[in-house]
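Both complexes below contain chain A, partnered by chain B and then by chain C.
So, the complex of A and B:
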């Protein structure tokens, strides 16, 4: 449940670009330019900062303030010292004291935010779009990518709508392909712009490296277009999916579960199995109460117990059709036991929480828990700790 | 829309659902329909690729006339199942249909993937309905020769399919086990240096399966299919052996085979004779009691000996369908009481109904599967497009013979007989099939038409093939549309998992 920000004190002046945090051993051995590295000092260890400055490091991270005027910038006395950990990539706001964590080595849910712009306006968007020129992000992200451990297994690309960046997105992905060849990249996109085959061609050569996670919210245009608040979006997204699949790109289908989508969950499963049997994964996702979702609660909120039978049908249908299927963002206690094998701990570690009721639960460690943003009016009445006798009954 | 979404976002302004429901004109896509006889009085509509839904019978004409009300609750399903769309959706809907069509017909690109080796015609049974014109156990000259067997394996490795099932049958193939062994060993030897994945199966009474034979079958991961016609009084009546003990020997052999190969590798099928028609429940019960969770209820074949003895043991198709309906109802009843038993042929039809994938079942395809999906290597070295075509030759009409095992594969595929079958074997252009609601799930059977009428295209509706399948599809769709949710769930669960 670590935050991605903390406040800390700064002695000296750090560069504005992203920095890699490494402990001394790793810092001395790394092939990264030392100007991109801040060395993290072990607690209570006395190190000659002058020597580190001569070696060319960008700065150091220490627990406590340096004695006098340090020979290189020192970040210290962080509000939560655990937030800045070795292996992470951080950025220190120029002149300020706020530290942003851009990549966390120990997290399995790192993602790069590429744009705030979007061509849809989903009722439940957790990251409401903003029309702004943020093309600068790509250059910064390429800098960050250089500092990411090549051993990391997956990185997400998210927005906004990444494909609005066009060739600049392709540029970022190619850069990643070169710099992180063993990593799997997951791009979250509404796929609409891929209705133009020319856009698909920009990503030639990235097949197998990138998975395109594309939301489809219904088997019919009226429902999907309403949810994404865009006329013609359903047809564009389907065209995009076929264009991508036709070029052998891997596609994940995402379906967010709420009051506007629940009526056609079963039909949706059949639709996907017939029309997109090539999907590499289908994810049924509980709602994240953020952004527009909070604003549109009256339109969206339904207790998952009301759709869980339909969900079970859909998941089993796709599973039997050979399409790998998962359930995201729903706690185990509201799913029938036979659905547990499809449930993933999908809520990012820094967004996840458990409830007081979870204290007594025996499967808490297997469970993905809840979004920290979900207040009591976003919680199912069916939430209850799972105990051995419950499981015996199911 | 992207352009005005942004200002709306700034104003936190969302449009209502009605702004997105295109309630105006709709466009019809090709579909077929059938009025079902169920009490609910629905009309089944099926898309070109077999997506289906139903509308009340009195809505069919308004649907076709473009007069379905904008708020009709049937519009969404009709649109989801590619029956109707909007002008804007026409292109992508056709693309979806094309994608499904390609998946459903993907078998076309495979070439033959089921290869039958008739290693001998000899058999110790003298079943009244025998399909394969068997010879007595000790008759000479009815086994496949070693040279022909090796040539047949050559043909096998000339086939383009990556996954091939090799099925041994007879006669009783275990009476020629040495030939089976030779073929399996030769295939295994050559498989090592090829990309092919070959699986073995055998149709056998199992009576002659010694421990050594079972060990061999286990080593090569055989699945075996045997004949079990129900309780002893039915089984022994039509499957006579010299000692009249076929049922007892079959049951004992099934147990031995299960022990050796695993229960999942042993299946059985039931040939339904006129006598059996009276006892659907008893036959199903006998399968449950024998530990099977699947039963294949097969009507008499109009081939082989069965044609000649039809007067004695045959029956009209409607009698079979009545029997089948009773058997299926009984099985569904058992399932509702947590006894898991499915009917294997219904499972095939349901797979065709519920999925858009090619099922792999070669006998229910369009274009037809004889020769293009399956090949038969006969004991005498003759190559036939299907078992039925071979039986037709046994009864004097060798017109469907493609060549012999020494004919290169490409030449076999270019044989005039196969060309004839392929030209005739497209259900989409057959009179009687082309406008049938069940067309997407069914197949063409020109071999049977030739056997029946001498010509590859005949009067479809009077054929046993058509009568049988119309009856089975009617029965299944009645359940799917008017049946209880639990029954539908059971039938869906019969569709094999692709996991």
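So, the complex of A and C:
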């Protein structure tokens, strides 16, 4: 697991805009503008910085400090050198020494954070919202998108509530569609604003490129509205889902498993299979102990073993109804074996960890593990390493 | 379209013997060239018959652009380079800084000819406010770029042990000769197209 920040020393002044890190070999062959590329020097090589400056590179990433004043900015002595890797997109705080990683080539879970604002206030929000004008993010994100490898298979859009950006979100997605045509985009939204058809129309032409991941927490408004802490949210979300589906947008339904939602898992599955059979995917998600979820532990925490039978019913129900279904964020050892094929390694690589008990587990490599943020009071009592004899018993 | 025997023969010969058929195409009737004609500038309609339009490897289409590249006086004086083994710069006192001083942030084109990007390196997004306009892409830089790439590849292959500086000096020339020998090329010590092709460098 790699952090998304590190500290490094800087000689000279780097530009404030996002930069692409490329190995020297790749940097010299790239079609990107070299003003947006920092060349990472291979260790043990002697490289003429003057020549790199001549070529217009934004800077250089090196292991050690330059001997004298370099002809172009040099980032060196990174606290954790692995954080600044080739192919990544980074930003160096102007004047400072902090390096932010905005895109990681070797990660399968890159996402773009578009806004801190939100129109809901979910009990288990892992990213508590903040009322702030962050329209500037879109311009910065477009800069970042230009530097993302076109071969990346999927990128998430997250917030906050992305649709609050309205046409600016459409602008970003169109930009991505143009610059990363082979990538699949996943936008996490509560879908409430799509109750207004006019908003749906802004995203015309992006069908098939974007999947809208929309949480629905129950089959009844009382539970859903309570979980998202907003009156009327349930019906707005349903309206939004139908408006999107009516325009042939792909929709993923997300359901977070906790004390408030577990009572109606079965009814929820039935509700979705009957009323949203067009869903391209339904994801049942274990709780991430972050943000509000930590504060609201008493309201939310339930040992997954308490709902796992209901979950099994719901997953099998949707599967039989022909709706592609997944289980996110739950370790294999607490799921019955017939649910394993639905379990995904969904925890982002930089958030994932395994427990000491996992050492002996034979399916550790297939297992999504645990959130790093989950202390012992967020762990199921049913966690135990899976061994061959266990599997024989089932 | 009416099938002409000459066109038919051209197609068959074009597939079997591209070179000899080229002569035939020149003698071909003018009428056939109207509809399926290739882009202006290409010489023969037989190009249409290539099964897959690969861009041609540069060593086939003449003009050794980089064979003459030796160094750039403008950056020769800047010998501040990383020497990874010691972790310091080998510094020799810089002479009078050239007009395009590398220590200045790469600004908009320093000289008129630099303002015209020849390769695809111009900033894709003109509207982006922050990133400065790319000064790269001028033909001179292209030579520097290719020479540096060649040095890197020669070093990777174990033929070169000098500084990656884009200067085709004696050390690089010797490395090139060693490489050319290993590839059964003429040992010219020059970055000609055949050598670049073998190094896997397509500018």
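Everything that follows uses one rule, which is that the second predicted complex is superposed on the first by the 394 of 394 C-alpha atoms of A that agree within 3 Å, B and C clash if a C-alpha of one lies under 4 Å from a C-alpha of the other, contacts with A are read in each partner's own complex, and residues count from 1 in each chain.
Quick note on the criterion: a contact is a pair of C-beta atoms (placed from the backbone, for glycine too) under 8 Å apart; a residue touches a chain by one contact, two chains touch by 3 or more.
Quantities reported herein were computed from a predicted structural model and do not represent experimental measurements.
Colleague: Using the superposition on chain A, decide if chain B and chain C clash or fit.
Modeller: fit
Colleague: Return first, second, both or neither, reflecting whether A:381 touches chain B, chain C, both chains, or no partner chain.
Modeller: Neither partner.
Colleague: Looking at A:274 after the superposition, I want to know if it touches chain B, chain C, both of them or none. Which is it: first, second, both, neither?
Modeller: First partner only, chain B.
Colleague: Between chain B and chain C, whom does A:15 touch in the aligned arrangement: first, second, both, or neither?
Modeller: Second partner only.
Colleague: Is A:239 in contact with chain B, with chain C, with both, or with neither (first, second, both, neither)?
Modeller: After superposing on A, A:239 lies in contact with chain B but is clear of chain C.
Colleague: Let me test your reading of the model: by the given contact rule, A:298 touches which partner, first (chain B), second (chain C), both or neither?
Modeller: A:298: touches no partner chain.
Colleague: From the overlay on chain A, compute the angle at chain A's CA centre subtended by chain B and chain C, rounding to the nearest 10 degrees.
Modeller: 110
Colleague: Once superposed, minimum distance in angstrom between C-alpha atoms of chain B and those of chain C?
Modeller: Superposed model gives a least chain B-chain C C-alpha distance of 26 Å.
Colleague: Contact residues on chain C for chain A in the complex?
Modeller: Chain C reaches chain A through residues 72, 74-75, 77-85, 87-91, 100-103, 105-106, 120-125, 128-136, 141, 144-145, 148-149, 152-153, 155-156, 162-167, 201.
Colleague: Note which residues of chain A are touching chain C in the complex, please.
Modeller: Touching chain C from chain A are residues 13, 15-17, 24-25, 28-29, 31-36, 41-58, 60, 62-72, 139, 142-143, 146, 179.
Colleague: Per the contact definition, I'd like the list of chain A residues that touch chain B in the complex.
Modeller: Residues 118-121, 123, 128-131, 219-223, 225-226, 229-233, 235, 238-239, 242, 260, 264, 267, 270-271, 273-275, 277, 295-296, 299, 317, 319-322 of chain A touch chain B in their complex.
Colleague: Residues of chain B touching chain A in their complex?
Modeller: Residues 1-2, 5-6, 8-9, 12, 14-17, 19-22, 49, 51, 76-77, 79-80, 86, 88-89, 91-92, 95-96, 99-100, 103, 354-357, 492, 495, 497-499.
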